[in-house]
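As written, the chain order gives the labels A, B, C and D, with residue 1 at the start of each chain.
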Amino acid sequence: MSLLEINDVSVNYGAISAIRNVSFTMEAGRIITVIGPNGAGKTTLLKSIAALLPYSGSVAFQGRSVDRLDVQARVRSGMVLVPESRELFTQMSVQDNLDLGAYARRDGAANIRRDLDQVYDLFPRLRERMGQAAGTLSGGERQMLALGRALMSAPRLLMLDEPSLGLAPIVVREIFRIIARLRELDVSVLLVEQNARAALQTADYGYVLETGEIAGSGPSAELLADPMLINAYLGGKKPTSATA
Amino acid sequence: MRQFTLATATLAAVMLAGPVLAEIKVGVVHSLSGPAASQGIPQRNAIELALPDEIDGEKVTVIVLDDATDPAVAVRNTQKLIDGENVDVILGPTATPSAIAMAQVATEKKVPLFPGAPVSLGDDRDYYLFNVPPPPVKWIIPTVTDMKKRGVKTVGFLGFSDAWGDVTLAALKEHAAEGGYEVVAEERYARADSSVTGQVLRLISANPDAIFLGVSGSAGVLGNVAIVDRGYEGPIYNSNGVFNADFLTLGGDALEGLHGNIGAIAIPESLPDDEPRKSVTLDFIRAYNAKYGENSADAISGFGYDAGLLLTDALKLALQKAEPGTQEFREAIVTSMRALDRVPGTHSIYTFKDPSWPWGVGDDAAFLVEVRDGKWVLSE
Amino acid sequence: MDFQIAAILFQDGVLTGAVYTMLALGFVLVFTTTRIIFASYGDLIAFSALTLHALQKGALPGTVYLLMVLAVLATVLEVVSALKQGTARRIPGILVIWLVLPILPATAALMVGGMILPAWISLVLTIALVVPIAPLLYRIIFQPIETASTLTLLIVAVVLHYAIAGLALLFFGPEGIRTAPLFRGTWDLLGFQMQAQLVVVVVTAIILATALAVFFSKTMTGKALRATAYNRDGARLVGISTRASGSVAFALAGIIAAIVGILVSSNITVYYDSGLMIGLKGFVGAVVGGFISYPVAAVGSLVVGLVESYASFFSSEYKEVIVFLSIIPVVLFRWLGARHEPEEEEEETA
Amino acid sequence: MTIADQEPIKMDARASSYMAVTGVAIAVLLALPLFLTSFNILLLNMVGIFAMATLGLVLLTGSGGVTSFAQAAFMGLGAYTSAYVTLRLGLSPWLGLAAALALVFVVTMAIGYVTLHLGGHYLPITTLAWAVAIHMLFGTLDGLGAHSGIGGLPPISIAGVAMDRPERAFYMIWVTLILFLFAASNLLRSRQGRAIAALRGGSLLAEALGISAFRTRMMLFVLAGELACVGGWLFAHTQNFISPSSFDLTNGLNILLMSVLGGVGSVLGALVGAGAVMVGRNLIQDVLPMLALDAGSLEIVVFGAIFIVLVQYSPKGLSPLLSRWLPPRPAPALPDIKHDEVLRFGRAKEHNDDAVILSVDGLEKRFGGLVAVKDLSFDVHRGTIHALIGPNGAGKSTTFDMISGLQSPTSGTVQFNGTVVTHTPARNMIARGMARTFQHVRIRPQMTLLDNVMQGAHWRLTSGFWAGILRLDRAEEAAYRKTALLALKAVGLADQALVEAGTLSLGQQRQLEIARALAADPEILLLDEPAAGLRTGEKAELAALLSRLREAGMTILLVEHDMDFVMGLVDRIVVLDFGQHLAEGLPDEIRQNSKVQEAYLGGLD
């Protein structure tokens, strides 16, 4: 049984088609990345999987269709999105943000406390700032908090939209180091990134999305070595479709 | 524009008037909702109580419409009753603004109107108007007489910031010269206010010999109690608006000694047996309470009842002269009303002989009453 | 005006202001969580006062029927939506929350109908009858249009006010009521003569505000409400149902309304349609708080109460004009303070 | 084949069915008094009067995005002013109308001046305060009946005929209303109407097009007040009686309610809303007694329940449901353009040098502690395409907003055509020759492509409010419709000129934005990520279009992500990273630059 099955998903904004007939499956315990230039539909794809956007087609999670579930219900079933805009509760403290991450959990205070410690271990910076309002954090700290809050939801699938966006290189490295460690925590990651190299260095497998369609895919190492990738970003020919 | 087709089609379908049957049709427009509903509903109830199902074999149909205390709606209802239902006579409305507006329409259409709030168009245009609640300017006379007797020179006024406040203040000022007093303070409050402390402090600081309140109903308690609570010692007079079932209960001890002007309805027991109003009033109270519950009969419902009584008498006379549903019948109602002589009601004894004079009462409309042991009694 | 008069007016203003404060808290609570300017909020207060009065008289308040009808409607809607989502196993829970819970107090009232109850039982019963109305109304009226524009939501709330006031007229009649005062007279506090009513209202307001503050900062539900208010998308992303938050916000607002209704019922004459004006004053307080900040709204409401009190002394005829126009400078001031924040743009989509 | 003669037959058919429906509707309406009772005519008169006040609100709310609670109060101002003039001064109601219009003009201007600067919820809330205050003042007017109200207002006379019966008043009211509806419809199609539409949903687009959001809102606010004022005047002189309770907050709310039920999206909503509310309530009043239910209290409950169900069913009101059935008002025919006719760039052509047209020097922008752009300098030469590239979040859009005046830099200067424009507001930039597009497309989806493009030419047109209403702007409109069509032709969308913009694909919408910018006759085009979301073929078309524009003398500065798109097209590139100038040069130099590669593809080592 696959963790996530995306079947023929399309999203339209009015008459505009944002993504068309996207299908792929994802096994548990893996990190998959979707890369592609701006406007390719990466964010749209993640939002529709999280039920933030209406879509046609089907999404199945852990073998069951989630098409009729709303955002909250999908979070409860273990699908958690960290959007590009982070959507933190900026007026509330770091601790409150993390507490709220566990809002939908029903597995007991002890487990939640354990996970909280784990998040603070993962991001020591957050522990230092636990009483501070989230709005006063730096960009990198905000991203850490967004990740931490998502982890507090005890996700089986973590969907990350551009976690490196607007961050200094040293912070980006830190964030990706932590994403790579998520495998150990038994969390699967669906990573949308513009920073293709960082994403591919972290992920097991990658998909290239271009103008709303999957234009290519392959194991990360192969995609990374593919000279076509540079062209996809900096101009040139389209990337070829490598086989898995 | 394209929207008209649909609008007009709907309107046309909606508005076809019903057929007219030969029967006596009485239209009633009262405020069954909105701010004046507490006066409109009892009047409507009492009208239905007073009017018989049939008079001399002719069926009496009562059509009741709510004006929501909005003059524009009252006017529309009047038009609806006249055009759509071809009523012979209209009773209502409840509030002064609606009454002014309705009086214009009814007079123009030559339909007799029994307003529930006193109204005169002036300039001899009152031929079709029969005010059963007479105006405060008549009602206030016992108060003026009493103040004169006590040598009151200065009067403070506290009233609602609505039409009732306006007309009662006007009545007070109207009699100022002959009563030999001066209105030294005018304060207002709204029905829904939670406090009148500011107004009352100011009123008392003007140091008037007496205070007159143009308030009504339960909300009138607030002003009265606040004046007493601030230790005012002089006489306190009320208009005829405060005679409802809850007023005394709500005010409790604080209202002891309070004065008011009112017709027979508030004090039937203290009237002598030869007073013609006594039996009418007791009958009404018994019948009304039987239908609408213990202690529900009050001064407001009495007005509705009196209007109904007078109309019933007039209808009996009019039936001898014309067919219901015709303009002749409407005119016959008017002349029949003019023929009635000193008909006792629950408030006053009514006579509408003078066609240029819309008020059916003289200076004996009301009694001076006061609160003693939690009850209204006739003042000595 | 001498000092004594000023002091009396001050007390009076504080009393009124404390009532407005509680109302403003309810307004802010509902608006921040649901974007609804709950114009029919005052009606709940009127319902509370009228219900208490009916119970004190030994009559059966019509609130009972309203509650039962609303509970049935809400249950039907919930069951239908559960079936549509294919989550039929939620139905027993739905029945408990939406049907059984609201009907319990209604049944209790039906059973004791006609009896004169001990004071505290009528108070408890009043609260139990009025509080569920708010979340039920939210479920039935507002939840189906939760994505509509703020204007549409406001207008629906206004129309709801008409409808509820109409029902109140049907249930309780047109005459205004006042209940027997819970506390009367004055208390001597450190040499000052304080009206008992004032002390009770102010203490209740403080307790309510403190309880809300604790609720918001310490409980998970409270934090979830704040989260919904600050960031609806963020809230959904951590699994907070914005609809559940809406229900909780309305329930809290219902509690406030029930308490305020009881407190004012002995102080002002409550008519079936008093809700609009009472609500508007609380609204003015909420406006002063910019509809966002609880403390500022509380202070603002207090100021509104004081302005009203002093205006009623100096110019009773223009009192309301003064109270309502006092919004203008406040709004201008707030706007000047906030003008540097970039304006949220909401572009229309195809 | 020219573009214009593609669809003439279809347009004529639509026009004639529109004319037929409108004509029949008006004829039926005007015949109504022949077979309706006075009461029903009276009811219709009220519908007409309230439809006027509602129309004001529909324009204000639906188009200007502003809500007002004060419409009933302005009706009252009109009614009371005229009552004073006729009863106290003994003058004609017509002078009363003049005085009322003047007073409402002054009052709305004053209120508008104080409060229309406010954004968000502040404005409606202040109108609530005004509404309550104005209504309460009526109750204190001793000379005009105070709370009791005043009767005996004289009827209006037209050519010596007194409008004293409902039947006569009916024609006066409905002819006025029909004129108002046509005028409103004309207005919304005129230059001012397009300005109003630009305002919808926020003032960003309006400001970028050179439209003053404040002035436009002010115009609408005054207009709404005047419409209500006329309604109030008619109300006063057909009822012959006024009292404060007719103009209280409840009635203000009723007018709002009518506009919401009718739908604020179209002029139609005003009539539908007023009609549905008033006729509906009358119907309920008739039906309830038949069901043996108590009149009065239940009426409002039933009405409330029906209203709420209707709004839940159709949150945008009833008129959108009707629009599906009725033919729309046809647009004027497309102008004729010849096959070889092309858009002329007046201003861009004037200069034929390659001097520096735009110069950015030491630009810096901070948001709180965050530095979005830091010490940025570069020059753009006339007649070139200049690209500003960089990864997401590099500060490109902020730079763009500072150049176009939407944001003020913390420090540094922007020079355009030799003038320092650092703190010049955005709405003055378009007249100076700078037109822009947006990263998130800002078009008006309900308007045709042609009207969207016409918005771009706003600053070049001169016709005002009256010209729009009376359609005195036809010559100017025709001339600029041609310009707009040529602009559409330039981007390849001319054959869809009369299509609603919302139906376009994203790529076409971006082209539409470019056409709109071109219609402003700019010297420089600022394009914010024009290729984002475009398919490969569309990108090629866009690149070709931009090349053509350059040949025509246009200067273009674009922010872009897509290097593929930029490389073959532009003359010079500035690369931004973390708000700072990373590299600058010719496309090939940039492509070889390892720092740039690193910034783009990123990496962990």
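Definition applied: a contact is a pair of C-beta atoms (placed from the backbone, for glycine too) under 8 Å apart; a residue touches a chain by one contact, two chains touch by 3 or more.
None of these values were measured; they are calculated from a predicted model.
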Review point. Which chain maximises the distance between its CA centroid and that of chain A?
Key: B
Point to revise | Euclidean distance of C-alpha centroids - chain A vs chain D, Å | key: 39
**Study point:** Inter-chain centre distance, chain B versus chain C - centres from mean C-alpha coordinates, in Å
**Key:** 36
Point to revise | CA centroid of chain A to CA centroid of chain B, Å | key: 74
**Study point:** Set of chain A residues in contact with two or more other chains
**Key:** 13-16
Point to revise | Residue numbers of chain C (touch at least two other chains) | key: 166, 169, 317, 320, 349-350
Exercise for review: For chain D, jot down the residues that touch at least 2 other chains.
Suggested key: 294, 296-297, 299-300, 445, 502-503
Review point. Among all the chains shown, which pairs meet the touch rule set out at the top?
Key: A-C, A-D, B-C, B-D, C-D
Review point. Okay, in this complex, where on chain A does chain D touch?
Key: 13-18, 37-39, 139, 162, 164-166, 168-169, 172-173, 176-177, 194-198, 201-202, 211, 229-236, 238
Review point. Along chain B, where are the residues that touch chain C in the complex?
Key: 32-35, 37-41, 161, 186-199, 201-202, 205, 217-219, 221-222, 244-246, 250
Revision key, fill the gap. Chain B partner, complex, touching residues on chain D are 18, 21-22, 24-26, 28-29, 32, 36-40, 42-44, 46, 139, 145-152, 166, 178, 181-182, 185, 235, 239-241, 243-246, 251, 267-268, 271-272, 275, 279, 282-283, 285, 289, 294-297, 299-300, 319, 322, 325-329
Review point. In their complex, what parts of chain B are in touch with chain D?
Key: 1-12, 14-15, 17, 32-33, 37, 41, 64-66, 68-72, 75-76, 79-80, 82-84, 95-97, 100-101, 103-104, 121, 161-163, 165-167
Practice item. Under the touch definition given earlier, write down the residues of chain C that touch chain A in their complex. Key: 84-86, 220, 223-224, 226-227, 230-231, 233-241, 349-350
